[in-house]
Structures are given as C-alpha cells and as structure tokens.
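Per-chain residue numbering starts at 1, and chain names A, B and C are given in the order in which the chains are listed.
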Amino acid sequence: MKLIFERGNEGQALCLMPACDVPEVTLEGFEREGKLYLPHVSENELSRHYTEIAKRVHGVNDGFYPLGSCTMKYNPKVNEEAAALPGFVGVHPLQGDKNSQGCLEVLYKIEESLAEISGMDNVTLQPAAGAHGEFTGLLLIKSYLESIGATNRKKIIVPDSAHGTNPASAVMCGFEIVNIPSGADGCVDLEALSGAVGEDTAGLMLTNPNTVGVFDKNILEITKIVHDAGGLCYYDGANLNAVMGVVRPGDMGFDCIHFNLHKTFSTPHGGGGPGSGPVGCKAFLAPFLPGIRVNKKPCGCYTSGKAEKSFGEVKAFGGNFLVVVKALTYILTLGKEGIPEAAKNAVLNANYMQACLKDDFDLAYDVICMHEFVLTLDKFHKETGISALDLAKGLLDHGIHPPTMYFPLIVHEALMIEPTETEPKEMLDEAVAVFKELKKLAYENPQALHDAPVKTPVRRLDDVRAARTPVLRYNFE
Amino acid sequence: MGSYVPSGMSERAEMLQKIGVSSIEELYAAVPAEMLVKDLKLPQGKSELEVSGEMTAISEKNKVFKTILRGAGAYDHYIPAIVKSVTSKEQLVTAYTPYQAEISQGILQSIFEYQTMICSLTGMDVSNASVYDGATAMAESVAMCKERKKTKAYISATVNPQYLEVVRTYCSAAGTDLTVIPEKDGKTDIEALKAAMGADAACFLSQQPNFYGIMEDCTALAEATHAAGAKYVLCCNPISLAICKTPAEYGADVAVGEGQPLGMPIAFGGPYLGFMATKTAMQRKLPGRIVGETVDVEGKRGFVLTLQAREQHIRREKASSNICSNQALCALTASVYLSAMGEGGLKQAAKLCTSKAHYFASELTKIEGVELVYDAPYFHEFVTTLPKSAEVLSALENAGILGGLETEKGVLWCVTEKVSKAELDRAVAIVKEVLA
Amino acid sequence: MNNPKELLYTKSHEWLKKNEDGTAYVGLTDFAQSELGDLVFVNLPAEGDPVTADEAFADVESVKAVSDVNSPVTATVVAVNDEVADQPALINETPYDAWLIQVTDIEDTAELLSAEEYEAFVENQ
C-alpha cells in the first residue's frame, strides 16, 4: 500500500483552523528555514489510508493471540468509554486538588485495590510501563539501602530466564548484575541462589510464576535466603495474571512489585503502548515513592502531596492517567470474585491447551503450568528442519497470532503460549487443530512451511537488509 | 459480578477432565496452602451499567474548564474529529508490539510514517518510535551522549522543572554527574555554560521555548556546547516547529520533546508522547524501537523493527535503555494529527498560538500592576507579575477560566489557538475588575 | 573448515595474525561468523584504545543477537578496519581477510590454539 506521503496532491488540506482574529505576530529571527514536509490529503483520503492501515493489523479482536508473557486478553469496551469521559480527558494536570477531585479519587481507589491484590501497602501510579516500573522499584530499593547506610550493596541477582528488561533496568540504576542459572525444572536453583547472595547483595528480581510458566514452590525459601543475606525482593508483575486474587506477592515475601496494567488489568496494548507500570511496595519503602501521593480526608475529599523522602520523579505528572482509569473500571467490574476467577480460568485454559498439545509437541517442562507454557521444538526442528519461527509463520496463514518465539532464552526453539482467560474452549480447540495440522505439514511438505506465510499482505521480510542499510524515513526529495 | 470469561461450567469440566484434575484449585498445588488468599478485600463486582455510572460520577467531580490559559507542559489544543475516529479503531488499539511483521504491517507502516514526520518537524535524520513523555525523552538522551571519556551532563535551569526532576532521577540512578546551568533574565546563562563545561562534558540539555515561554539563542548554546566537544540536546515544542527554527537548524545533535500537543488531550497528565530524533551518526545510540523499510521475498515493500540489537531484549544488561513498551498509540495519534493539519494547518495553529498569546499579553499588561517579567521573545507562554494573584485566579476559575500557573517568577500564562479573542477579552475584563 | 595454518586461534573464536613488524591483526573465525549468521553491525574500539587478553574489545550484531569479541592479546589498538565497519558482510564473506583491529605493543596473550587444535576444539563443541 501507499505511504501517506504518496497520497493526495500538494496544496490539498482539511479546513481545521480559523483565520486569525487578533493582530498577527511573527517571531523575527527565529523563523524556520527548511520546508515543512507533511502529508497533503483530503479527509476522505486520510480516513481511507488509516482504514487500510488497520486492515493490515492483527488485534485481539481479529483472532486468537496466545503471545506468551504478554497477556493478550480481551479489552472491554466499557474501559474505553470510561477513559473517554469528558470529565477525565479535559482535566489539566496542574489545575489543583480542588478542581481535580475525581482524578485523585481514581488514583486513591486504584492504589487501594492494587495494594490489596498484591499484598503491598502503597502504590505509585507514575511509571508508564513495566520496564519503567522496574526502574522505579529498583530505585526504591536503592534509596532504602542508602538510607540505612548499606551503600556496599551493589548487586542485583537475576535468573537467566528473566526478561531482558530486568538486567537492563538494574544497570540503569547503577547496580551490577549477577546472573544465576535456573534449575532443571526451570525454577530458581536454591544452591545457586545461596551461593550468589552475600554482603554485596542489594536484591533479587523474580517473576512468579516464572517465565516458563511454573509457580516456584520454594518461593518462601527463596525470599528468605535473600532477606537473610540483607537484600530485598522485587516481584516482576509480568505474570500476575496467573495468580491475582489467588496468592499475593506480598505474602510470598516480596518487598516491591510492578504491575503491567496493559497486561493483567485488560487495558489495551495500542500497538506497543501506552501501558502503565504502577509500583507497589511495603510500608518501609513508601517514604521514597515518586509521583503523586493521594490522601483521603475525613470529609471524603482528597489531597495530593509528595512522599516525605521521595527519590524524585520518573515522569512528568502522575502517570498514564487514562490507562489507569481503564484498569480501575476493570477492577470495579470484576470485583473480589471476578479477579481470582479471571486468574483461575487463565490457568485452566493454559493447562487445557498444554494437555491437548503435549502428545504432538515436546513440552519444555512437563508439569502443571500456570497461565502459560513453553513448547520446545528442538527435536522437531532436527527431524523436519522446521524451526519455531517457521511454525509461527505457518500460524499466520491460519489467522492466529503466533506465540512468543525464542523466549525464555534457556529453552531451545521455544514457543511460549498464553491463551488468557477470555478465550472460549472452542477457540482453544481450533488452535490446537491448527498446531496439529502444521505439525503434519512439517513432516509431509516442509517447504510449505519454509514458504509461509502466503496469505498475509507481505511475505517474509528481509531483516538483514533492513539492518545493514537502514531506511528509517520517507525521502521527500 | 462482571466477568469476561466465556467458558461455562460444562466446558470447564471438560477441560479439567482432559487435564486430568478434578478442580481448578488442584492446578495451584504448587502454591503453599497457607499462602492462598481467603478473603480478597475488594468490593463485589458490578454490572456494566453500575460501573459506567460510578466512573461517570467520579469524572464529574473534576472541574472541566471551558477556557484554559495554563500550559507548563500540558497544552490544550484543538483535536480534529478524524484523529479520534482513527485512533479508536479496534485493531490499532488492541494489537501488541509488531513483533510478527507480516501481520503487523499497518502498525509498522504507521510508525515509519510517524518517524518521517518527526524528522520533518525537527530537521533530524532518524526518529525512534516514541518514549513515555517529554521528560523521559530528555532523560534518555543523556545516555545517548555519554562516552568513555565524556561522562558529565549539563542542563539549563530554564527547562520545565518537572523535566529537570526526571533528568536528575535518571542521572543520579546511573551515577551520572549532572550540573544545572543557572538562568539569567529568563534565559540560560551562556557564560556560565562556557565556564562549566570541560573536556569530560558529554552533553548539554536545554528547552525551546523554555519553561517561561522564552525563545533562547540556541545557536549560541549549540556553538558553546560543541566548543567543549559535547553534544547538544534540544527539547522543543512540536507545534512551534511549524514556524520556528528546527533543532537541526540550531545545530542540535539530538531533538526531543513532548508530543502531547499533537492531538492528545491534557487528560490529567497522560498518556502523552515522548519523541526523540537525531543525526544519522548517532542513530544506533537511540533508545527504543525503530522501524525500517525493507522488501519481502517477492520484492514487495514492507516494514520491520530494525537495529534491534541495541535493545534490552537482546543486549540485556549492556543495553543503554530498558525501554520496551512505549507510547505507540500516541505516536499514531500524532501522525494522524499532523496528516490532518498538514503544513498549512500546523503553521496556522502555531501562528494563532503566538499571535493570541501576544495579544493577550498586551491586553493584560495594560492593567495597572500587571507586567511582563522578562523582556524577551516568546512563543505562546509568558510570565507576568500579578497582584492579588490568588484572588484573580479564583475569579477566573469561577468564570470557567483556568488562569495562568503561579510560579516563583510570577504567573505563567499560555494561549493556544483554541481560545478566541472574545474569551481573551473576557479574561482580561475579569482580571481588570478584581484589580480595580 | 578451512582455517589458515599460519594463524592462531582462541577458544572464544577469534584469530590472531602476527606480523613481522611486531603488530598483529585480530578477526573472527569462519566458525564464529557461521554461528552468528548475517552480521549487520560491528562496534569497534578507537585507535589508541587498550585491549586486554580474554576481555571484550568489540561487539558484532546480527539481526537478533549481539556477541562480544574478545581480544587474544593485551595490547594497544593502532588501526581499526573501517571497511569492515562499513560492510559487516565482509566478515561473513571472507572472515580471514576481514580483520577488525590491528594491535601493537603486545604484552600478554590468551591461551592460543593452532589451526589443528582449534578445529579439534570446535569439533568437540
């Protein structure tokens, strides 16, 4: 399809701006010299362009989206409606507490709910995404350690199965990384952990369930080992959907956590963002929190302030507020029974799909899983020449978004499948049938899979060319 | 209770049977029993009708001002109808990051178009696919400029104080030495900048227009920065770039800014859009996702995420940024906004902003006691003295007008194209009345 | 595998070519380039930078991976191969011509293997 710059004609435009009703002023000495190249289209052309764009995108509503670790659940429409309320979108962030009572109430209520769900005491809504939450949580840990004079604690322990953001965030906070290998069951190797902790340990970053979809049964021992060594425990909330309302990170021994509201709490991903990555913590870390702290007065009104020893701000204003509104809408809808019900059905769906696929594909870990599970196509690849990537591309022709590929790094030829609770059994059965059909194809006609996809708007793309000779914008000249 | 789980009891029973367990609870056998939540202290779930009513009621506790004369980092511009229509398309709202390029060409192409428009606005060669907001864009730029022997960062005191706070947080986290260059008459004290920077200077960060709305001599700032062998990062207002010199024209190495004015509502501070662009020489230093053009096996044009080995999912602890999720839908919003406005529309919006701001300032300063604090060119924000400021602002509020922001230097006013001359005259009349 | 006999090799898959003038070239082995796949970017040190035996002095990127390149010697960089920086594909095409850096003042060396020993090492990997 054409680029927006290749449509319309020079001089064409929508009529959006009125004439100037005051004397015109020019900023002499500051005038732009270069021509401003922007699209020149009519409203119809513009509208059709983006309709065509939208047709070339696979959203949650276009079909099954079992992208492991990303929790691609259905995004309820009432959330969107709430976030579009004029009483939210029209509020200036600096219009004062008196004029922003509704926004403060949203922050207060969701802080209460998220604290309860995670077993934490306080929550900041300022971080804009999961990685931003990690950065924030680690700075809480750092600030606390500095406050007790433990400045020698410079090391963050990260399992080798962790998301890449964990080590990257820790380094941004000035920590050094200690990678520890996972055990044969994909869980934390207690011996390796005990060997890694010491007087220089600042903390441990962990997901539980972990990135292979298994709940680490030794979790209390793990957090104890770290605490006994004088470190703190950080919970990466990427996999919270498996356990929300069922078991709480705070009760597992974690000191702080980030949530991914765009995963667990049904706010959409928007093609990559905006998300929201609130950070919850135990009371002893709360004095260091960034962002807007909201208090409720006996009169029922809300006031905003800063935490007493706040380490600073990680973003302007209070966070991705409209995303927070969507998550609160979701929490109010599900309530105390709906939250664990969602988690349990996510786990049920994942185990069902795992049970349906385990006779045809190798499981990386053949155990009861949580909300996701990992296939390893190592043997399959050797037998058929069909890699995890090839199988993924085959799924595209069946209207299924492929699972996460080649993650976690500790599993060869990995496909990580997370169906989520909002898929009906019928959809899971259809997807299982497609997986089996593709397996058959791999043995009978592997070339067909090497050639896949064929039904998509473009076929396989040349990544090497894109990286060797980068073309990163349209050239107008 | 509301629920989005489609499977009924009979399906759940079938699934449990296939798994070979008798209850969902059995699936949680690995969780120590004493740890299981007995009573989650949340309210009961509700129907959509109830929730919708509750959220509407909460939203109505906010005051929505008909006229907004306050900016300071959040700008109330007109949002064309087409912008809302496009950005609410289900596919675009609900898709994930475009990791599977073949079924994500729409998202990828829209980011490529966004990158092109950001380059066009800033005069730079390469843009990333967005970061969280203007403040984090500024903060992320520091890591781009650091080298083995160039490690110190400098920032002007005239930038938005919230941005300064965020840059401070990021620098302090990474152990980067950050020096604030003082202001002089509302502008960066260039002599202080020259005196401060040594051979170990990595970068200098400033803002145009600055926090007080003032247009600084950024060419001189760029020259001073380059003379010390450091990189110049300029944070700019994207609407102003329609008519004002681009960061590239000033000689900046990195252009960053807050993209919220490009079609996003003020929405109590977010979600907004951080944009970042740079010269080709520094393209691999850019954090976050970047989309590139390529071809498929049949030679057809297509787009992919590229230069990915810079990013955390590959480079892990050696990545210079941890960013993963960004503000993609906000970047799309900016693209649709810029496409709708076009060159003429955006220039007109910028001219309306600056002309109306100057008109408002001239009318306000006719009132006894109200004077411009700085004698300097400004774009669409300016600072005035204001006697009885609390009283004046409160009178404006009562008339549905959000007045300027009280700062240490005076009251910081902002005028966008949305405010008509009649509304400005009404605001002036109210100020006059209170001060009479 | 065709690993030139006159070169020395490391277990981290770099080669070292000693010159008569006391300098040496360092590059990546054929095995390394084939494992890495199509290289798209090479991040090289600057002239005058010190390099340390068994420590990373550069990294190379393929589309989906990045790998450190370790130095076989402790020395000082006298030249970097700009041609390879411009066209990383040269490493894939002619790994034993596509040197990355030239070093001088060699003080120390890592454990180095002959071509035969290196081939045996790779076989057992």
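List of remarks:
The criterion applied here is as follows: a contact is a pair of C-beta atoms (placed from the backbone, for glycine too) under 8 Å apart; a residue touches a chain by one contact, two chains touch by 3 or more.
Computed from a prediction, not measured in an experiment: that's the story for all the values here.
For the pairs B-C and A-B, the count of C-beta pairs in contact is higher at A-B. When each chain is reduced to the average of its Cα atoms, B sits farthest from chain C. With centres set at the average Cα position, the gap from chain A to chain C is 38 Å.
Separating the CA-averaged centres of chain B and chain C is a span of 43 Å. If each chain is reduced to the centroid of its CA atoms, chain A and chain B end up 20 Å from each other. Chain contacts: chain C has residues 40-41, 61, 63-64 touching two or more partner chains. Within chain B, the positions touching two or more other chains are listed as 307-309, 314-315, 318.
Each of residues 463, 467 in chain A touches at least two other chains. Residue ranges of chain C in contact with chain B, taken from their complex: 40-41, 59, 61-66. Contacts from chain B toward chain C in the complex involve residues 284, 307-309, 314-315, 318. Of all the residues in chain A, the ones that touch chain C in their complex are 406, 463-464, 467-468.
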